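Got a structure for you, questions after.
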Amino acid sequence: MENNNSYETGAEVMDQLFSKETQNYMQHIKEISPDFWDMIVSFGFGDLYGRTALTLVQREYITLTSLITQGAFDQLRVHFHASLKIGMSQQEIIEIIIQCAGYVGFPKAVHAMGIARDVFKSYEAV
Amino acid sequence: MENNNSYETGAEVMDQLFSKETQNYMQHIKEISPDFWDMIVSFGFGDLYGRTALTLVQREYITLTSLITQGAFDQLRVHFHASLKIGMSQQEIIEIIIQCAGYVGFPKAVHAMGIARDVFKSYEAV
Amino acid sequence: MENNNSYETGAEVMDQLFSKETQNYMQHIKEISPDFWDMIVSFGFGDLYGRTALTLVQREYITLTSLITQGAFDQLRVHFHASLKIGMSQQEIIEIIIQCAGYVGFPKAVHAMGIARDVFKSYEAV
Amino acid sequence: MENNNSYETGAEVMDQLFSKETQNYMQHIKEISPDFWDMIVSFGFGDLYGRTALTLVQREYITLTSLITQGAFDQLRVHFHASLKIGMSQQEIIEIIIQCAGYVGFPKAVHAMGIARDVFKSYEAV
Amino acid sequence: MENNNSYETGAEVMDQLFSKETQNYMQHIKEISPDFWDMIVSFGFGDLYGRTALTLVQREYITLTSLITQGAFDQLRVHFHASLKIGMSQQEIIEIIIQCAGYVGFPKAVHAMGIARDVFKSYEAV
Amino acid sequence: MENNNSYETGAEVMDQLFSKETQNYMQHIKEISPDFWDMIVSFGFGDLYGRTALTLVQREYITLTSLITQGAFDQLRVHFHASLKIGMSQQEIIEIIIQCAGYVGFPKAVHAMGIARDVFKSYEAV
């Protein structure tokens, strides 16, 4: 469906964002629906993230905020890891959550902060 | 954290973000609830936006994304103006909406894009 | 639980909450779907609001909060009128909105406050 | 609309949709609030699902989509089982999730797909 | 970005769903962001709606439900027209809204029913 | 509005609402972001809950409803405990959930009822 370049671009973006372990885990989607997997890689990471007008860091600002706002906390955990992997600081992530508190209310911000803490701890533990 | 300066900081941030017309319009909130107005200025713009760890542009990335995700389109219009006022480009705003399409779906992104178009047109018309 | 009295109870509750004008306006729902209208009256206002364990004022606390949280601002306007009709004060409504600011964020609270102001003004204008 | 038969109709619909195990599990709601249980059976499954203008399969299209859109993933799991029980195919469920990706964004669609995979696996394992 | 067939398929699907007037109106999106327009046509209507595993009517069940659930009422109006254009009956649309009442609550269902009534009236008026 | 006493007021409100165990657990937020903790205590519990125009019980009506409506079920559990601690009855909580069923749909209400049951059981178990 997607042309060859979208998929390749998407795969490269995913290499920048996600560890090998995370990418392996994501394969369960490919297993159940190869078409949906193709859309995620080609459209999601290729056609959207692959656009060069914004940096990956700028895109993660958008992603983290949208996930906090909609309460998609499983994906938020994955993208906290991604944000750190591309060079965002822990303080930057904390600031995004704090700004969100005013826009989505404290419950979702508190939930997000708890996940951030877990993610940050997981690096100290290594 | 809260201190006598929160209100002053908030008022300064609002001067950077909003035109005089917009600030005058916002006074209808002050009229009905001076306490709520105080919270908006002191907490919202003072204690949150006033934090120096992120730039105003970075904060508007968060604000625009959260407003699109929750479908708060009236406030989105105000913050499109604010984003342009602090130096963001039209293209940057368009990119944020496009990235949101993948995270919140096309309906809200299309709605946001229509508002962006109206806002951009309003400057050409001047 | 449901019985012949549900509709009657619902109609009585609606008389307490809504003016004749509002009730006439609501007839457009009956026009398009008599079954849906029946559900609204019998289930919504009869079986839910008609339960005596909470007062109508307590139920409006719940209703206003849920409408603000989900951004259902058209219905919010109707229920601001209903809240005043059953004896809640303007200050009580303002307090509910302020408490909501912390739970759903400022954008929806600000939107709600603007509608409250319009509703309150409409009584002064009479 | 509501009548003595609502509960009976609802109980019959629930027999078609849910296994005995699931129905037993649902009894925890009856335990804490017999009135709420009555509403679920009589209104939810009797008065809504029991309407003959749509088939149960058509109603599950609506149910699955609404649950994905609002991120109600616990109930989604139950209704994936229900959808299969009334004869929908795995492919049909996958297609609903894919269509949802465009309307609610990828995070909720990915979450739903992961649950679909778990549910489908649970049948293979038997 | 999208390959040639996705766009063509999408354009064909849009011809089936939307009147010329609606399609002309949609051009304001193309005007402000040709890339976003391309995504809507190629990905949204080509790659998603263009999948043959579900009929267009089945897809509109999903679309209407998702729009009601997320409160995207502007797009809902457009898709009520689309649903009628591809052969769905007014009664079918009313049934979808009624089923949604149990899943998303009455406020959004009532709002949707009001819009349905407007749309249905617009055909009588012709 | 904000003053040196906001933190003290907030701490007192938290003592009324939350057990020592819950307050200790909440310290994980303080650990990761002392500033965010300060906002929660000073603004959330001091400046919002500390306002005397509504009672704590009235504020919990708002809090529970907003949490159910937005599907913030982790925080809901904490506030079910808080509601009981300040003297609300189990029946009162059940009534709030039932009223919510009509406003946010059954899925979130059912989820909330299951959590209420767990919380109520935890007291019997003592």
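As written, the chain order gives the labels A, B, C, D, E and F, with residue 1 at the start of each chain.
We adopt the following convention: contacts are C-beta pairs under 8 Å (C-beta built on N, C-alpha and C of every residue); 3 or more make two chains touch, one makes a residue touch a chain.
Fair warning: this is a prediction, and the values are worked out from it, not measured in the lab.
Asker: Sort the other chains by how far their Cα centres are from that of chain E and give me the top one.
Answerer: F
Asker: Any idea whether C-F or B-C has more C-beta pairs in contact?
Answerer: Most contacts of the two pairs: C-F.
Asker: Can we say the copies chain C and chain E touch using the same residue numbers, with more than half in common, or are the two sides different?
Answerer: Result for this pair: different.
Asker: Farthest from chain D by Cα centre, which chain is it? Let me know.
Answerer: If we average the C-alpha coordinates per chain, B ends up farthest from chain D.
Asker: Would you kindly tell me how far, in whole Å, the mean C-alpha position of chain F lies from that of chain E?
Answerer: It comes to 40 Å between the two C-alpha centres.
Asker: Roughly how many whole angstrom separate the Cα centroids of chain B and chain E?
Answerer: 30
Asker: What are the residue numbers in chain B that touch two or more other chains?
Answerer: Within chain B, the residues that touch at least two other chains are 35, 39, 43-44, 51, 66-67, 70-71, 98, 101-107.
Asker: Spell out the part of chain E that touches chain D in their complex, as residue ranges.
Answerer: Touching chain D: residues 43-44, 48-49, 51, 53-54, 58-59, 61-63, 65-70, 91-92, 95-96, 98-104 of chain E.
Asker: Which residues of chain B touch chain F once you look at their complex with the stated criterion?
Answerer: 1-3, 6, 35, 38-39, 42-43, 47, 51
Asker: Provide the residue numbers of chain C that touch chain A in the complex, in ascending order.
Answerer: Checking each residue of chain C against chain A gives 101-107.
Asker: Given the complex with chain C, which residues does chain E contribute to the contact?
Answerer: Chain E residues touching chain C: 71, 94, 97-98, 101, 105-111, 113-114, 116-117, 120.
Asker: Write out the stretch or stretches of chain B touching chain C in their complex.
Answerer: Residue list for chain B touching chain C: 28-29, 31-33, 35-36, 39-40, 44, 66-67, 70-72, 74-75.
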